[in-house]
């Protein structure tokens, strides 16, 4: 008789155990520094059930989640109202996964949660390079005095990564200072992803971390975000970007952040997050 | 380290194993005969996460889910598009739970799913009486020629229960024929629950099954239903009804049906379903 | 073969021809003077299809629409942006229906559309009395200089009805001047319908017109309105009022106005409008 | 006096009688095999009134619905909960229309309802070819054991059409087996419509049936669907496809399926369905 | 010519200057410790424009905002992500208003923002008593380790107010420990406001602060809250409570918290907040 | 102490005084002639607060609102229900701004409100040319007999501008007569903006007024409109158009009309309006 073990809920096709898994998927339901419109804490709550509207097979990559070994670790339980401790805990979890010889795909939450996962990846792979796909520069020195903010996450990552390691695409919003600062410290393509393919060629054999802020998509097609910034890319452009990433030989981890499902009750934005996660999972496995 | 076992998702406070459980909670995500507006198949998908907005403690009953032993068996996986087989499968699951000496609380889905659970309870307890709280009579001989319909579930139950066993409250919609039929075969209070207390006195020591169609609530306060029938009861009246049910000494099973969460994105209707489930679970345990 | 005549769409159970009908139902999709939030023009577009979620039988009145003879005349096509001509056209239609020896139930639209229907009824029945159920006094001499406004409809009706003919119930919003004016010219019960029964006793044998602004209902249960005024009555109180109206021997016409369906996508408010219309239709037929 | 005949409701510009009509428009409000999120049964209920937001003139085709002769036959009334009988009834209606020397445009409902309409067209035109525009392969042998499913509709059509008759475009989701099967039995373009023009050249003079599943559109722009599959085409690409179809000399019938209006309360998705219907109607008339 | 000064936006009827004002209205858009569903930070952004849907005259109190002297100070600009400093700043503003000999009505935001306003009132009026109307006890010693939480605001207030000063009404949710603790330290009526009138009699001549958490209302009628707790009071009961408060001779300040407008796009919940604010403002002025 | 002056609410970065301002921004909340779905009267109510989700810096134009001098004059208060007087009042305001040597950006409201602003600009600059970006021709001689209608605004402007002065882009809906009329009296590009750049070259040194109806955008990405017309342009195409407008040396005024925020609760459409306004303001300043 079925249904005699406790109710288990995972992303579609991610039912392997931690031990056997090559890739670990986990959620970080945190949006504590969101200034404008919170809600990304609910992303995974919608992503898991809605992932069953997808097939496990990707005709883009001709790969199937059913042929992989992925563990869905659920969501981290985070200490309430203490940003520093939240970051620490995400760091510890990511670090342990990497130490166990696995890759991970983290799903936010707001973009600040990428700071500890990038840091954990950098600690294990000192040559780490970061591909950052986003509408926003995220390069502020601080946001209203706060150094740990979603608007500073890439600047804070630069603190330990240093120059020449960060590659930004799709950026269409920021302070003038941020765009100026980027000229000296990162590679930054404004508005589009046209040079991604070329840069992937350069990063082919180094360890790479991919951080994907879904608000890079145009809010007209992806309204499920707290920070709608018109003029973004189409979903087909995003799919094409992921196909290009197949040329990277050493992706060590990735994240998908900033889905805020309440702003799109149709579920279309959540479906885009789901498909992005499926494609990135299939990219992470070898 | 946490999060190394697969992601488990239960109703709040229902984390016991099947073996140790006194009561089994399970979902039946079926709305295949719904004629007007489908959507009850999604009820449990919203109820489980939203139940964490409640406390486990009920100040109404002065009981706490944390002091009970309840297993959340997840949702039945039902064969697609085959009403007969769906009913069979629900029957088998319910029967097994009862045979293992446990009680159950089933959560729909549309009201038709109560037919096999009432049947299983009747099989084990031939003296079974049913308390039916609903906006609709559900006494049609058939609905557009179909005998297995949400509009016929109580009539079909009468087929095996017989006269004098069914007690209906809150009924405010049906065909004239149904109201006329009820006069001879069931006890039926129109519009309200005023005589519930008195009838509970009569049913004090017999085996009782409670079937609760949430559309008994006024759609003004409970819009999360596919069949809004204005003029219903308030949620405080429903809570009072559950408090009165504490006088029943032999409740053997119960169900809560017809939440259609998409019609109430505010979550208020889902919260009412959650609280009703908590109170009924605390009523089922001794 | 079915479906070879053009697609016909009526309120449930109102499929008689004009000629044979005792009562005419028609819609007036006009909200041109609405100041705050427009949308009542769409009421009938939602009411007709949603009426099929109801039964034709009313257990409250023990009557069935199937036993009546009602014609659904569709919606008036109104000249765009010309309030004066709109009112004229509604007047002509109502007048003709009354001259043909029929009663009518008009469905708005905003409350101003009751002015020409009351006027037509008054012309035919000079002894006309009006029962006005509403959240608002609607007694302004003018609204921002405009004499033909939803906020003035009862004051404009008083222009030809005179003192002692208007009975207002449920009123909970207005200018101080309006409440003061009412003391001398109308009967006005604030906040509730407690004295309705007594007044119905007085109006038992005179010709009566019933104008029902649905915003008399509390916006908590009836959010489908452009003018939410908290503190209103429950739907059960409204149903009870209609039951009391059975004692009136000479209801000549009635209206139901101010449903704005877009503000309540759940359909609960529309369901309340539908049920109110069914009960009033069953009240109008003899 | 107007409004003395029963209220008639048609798609804009489709007010001809059955007898005089060259093309018959009809709705099939069925979504009984929908597994993920039902709701397409409500499509026509939104399409008819919203069609009045369009003009009857198409600047794309330089044709006007006012110059055509189209009958809107309303929606089929379908036996409840009996998929086999539903299919039979759609078949009979379609067959009769074709036998009367007319073309039709059917509007779903879920995609399964295209099976009997394609079958009726094939019976009359044994050389029938099908142009299938969709996000999904719909080529499953069965879906959870059920052979009559929205996910099998093209496979079931192949049962009688045979190889070389089905041309699929825009497909971006399916099982690996389905894509493999298609290689031998249908023409299938993945992700886009780039080869449509070329294939239309080949099909210029044979009888053609067009089945258009609106979920081929990207859910970012067309969220009104139960099965959002990101990465779809734009609406301008769809318009261009219809313009290309003007080169077909023998379109005998067509359908537009899978609008689920509740998922897009803005009405934008319904507007896309309306415009698609207008363009296809203008394509069907000569 | 109008419109040559900058655009000013206030609550209806609150256009006096700070200097001349007897009462100061101000907003605190903070929801940083909200655990379940954030959004109360947007309350005032909806309340100000929607207040123009109300009249300035209250027929309940027979008073008019136009006859009062109230200043709308806008919203505090709060330092981002620093709960301690937020509380300090609210305290300073409240303190200054009281020192200037004025009363205030503060509008949240989450309930934690009442802590500094109660503290400021207590500092000026050491005999301060608090009337607390809420669904929740808010008496936790801490919430997930955090002492400054919306779930602890009344417990924290007790830290300086001490026993016998807090009167709680409508409470229907909390931990068993909280209800037990309340027995010794506060006056607490469960579920309803029946004893409010009697307690007001006792508090007639002492300084009183009123803190009103709108989630005391049933979520069925007030879905605009992040913490729906079914079984609450009706809006008419809340209005009656405010009428009873007219007997208090020394209300020194008040607050209205926890409206989360995004959960009720109909605006009905916001309308309830607006009317509550109007009635409380008219209560605060003498 | 802050917050002692009345609460001021402006578009982001527009806090200069009227006197010092080079450009005046003002709102016209009028939708009185809207036939299909009203709601544009609420545009500015959403635009002002949501503008704070943007940065003041535009990476497209490399300009910053902080470096400009713009006055936000709030919304005009319009006489209720009197289209003629509304138009007069908008004309007077626009005239005065121009006479004071300033430019303006007006935000609607429905498109009819552009008539008086174009007229005021034409009076001051008799050589005025108009760039009209829209989905609709707006060239009707009258609409249901009404000459002052949103569907006639460009035709009415032609009455005083004459031939050769109006340049229309993106047009995809209208009567056949309108398209025919345009051939002789205006320049009209159907469906797209491909020739805009060329025409801007021709208009380089003449006075130009830009009227931007946001429904030119595809309703799939911009559902916040009362008149969804599928097949529109993308937001990136609109941004590109504004960048091309930098080549115009004499833009004297502009408007942005037809945002109807209620149809897009996600805020994405409002964000597009905000960004369009920012870019146009930065275009208007020199």
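We just call them A, B, C, D, E and F in the order they show up, numbering each chain from 1.
Operating definition for what follows: a residue touches a chain if its C-beta (ideal position, glycine included) is under 8 Å from a C-beta of that chain, and two chains touch if they have at least 3 such contacts.
Heads up on the chains, UniProt names are A, B, C, D, E, F = Agmatinase.
Keep in mind that this is a model prediction, so the values were computed, not measured.
Engineer: If you take the chains that touch chain C and keep only those that also touch chain D, what is left?
Structural biologist: The common neighbours are B, F.
Engineer: Decide which interface, B-D or B-E, involves more C-beta pairs in contact, and give its chain pair.
Structural biologist: Spelling it out, more C-beta pairs touch across B-E than across the other pair.
Engineer: Tell me the angle, as a multiple of 5 degrees, of the rotation that maps chain A onto chain D over the C-alpha atoms.
Structural biologist: With C-alpha atoms aligned, the rotation comes to 120 degrees.
Engineer: Same or different: at the chain D/chain F interface, is the fraction of residue numbers used by both copies above or below half?
Structural biologist: Shared-number fraction below one half, so different.
Engineer: Can you compute the centre-to-centre distance for chain A and chain B, using the mean CA position of each chain? Integer Å is fine.
Structural biologist: Roughly 41 Å separates the two chain centres.
Engineer: Calculate how many whole Å lie between the centre of chain B and the centre of chain F, each centre taken as the average of the chain's C-alpha atoms.
Structural biologist: Measuring from centre to centre gives 55 Å for this pair.
Engineer: Can you list every residue of chain D that touches 2 or more other chains, as numbers and ranges?
Structural biologist: Only 37, 218, 220-221, 264-265 qualify.
Engineer: Using the touch rule from the top of the page, what pairs of chains touch, sorted by label?
Structural biologist: Pairs satisfying the touch definition: A-B, A-D, A-E, A-F, B-C, B-D, B-E, C-D, C-E, C-F, D-F, E-F.
Engineer: Could you pull out which chain A residues touch chain B in their complex?
Structural biologist: 1-10, 15, 17-18, 26, 45, 48-49, 71-77, 93, 96, 265
Engineer: Would you tell me which residues of chain E are touching chain C in their complex?
Structural biologist: 52-55, 57, 59-60, 62, 64, 217-218, 220-222, 234-236, 239, 264-269, 271-272, 275
Engineer: In their complex, what parts of chain F are in touch with chain D?
Structural biologist: 36-37, 171-176, 179, 190-191, 218-221, 223-224, 227-231, 263-264
Engineer: With touch defined as at the start, can you tell me which chain D residues reach chain B in the complex?
Structural biologist: Those in contact with chain B are residues 31-33, 35, 37-39, 42, 79-83, 143-146, 148-149, 262.
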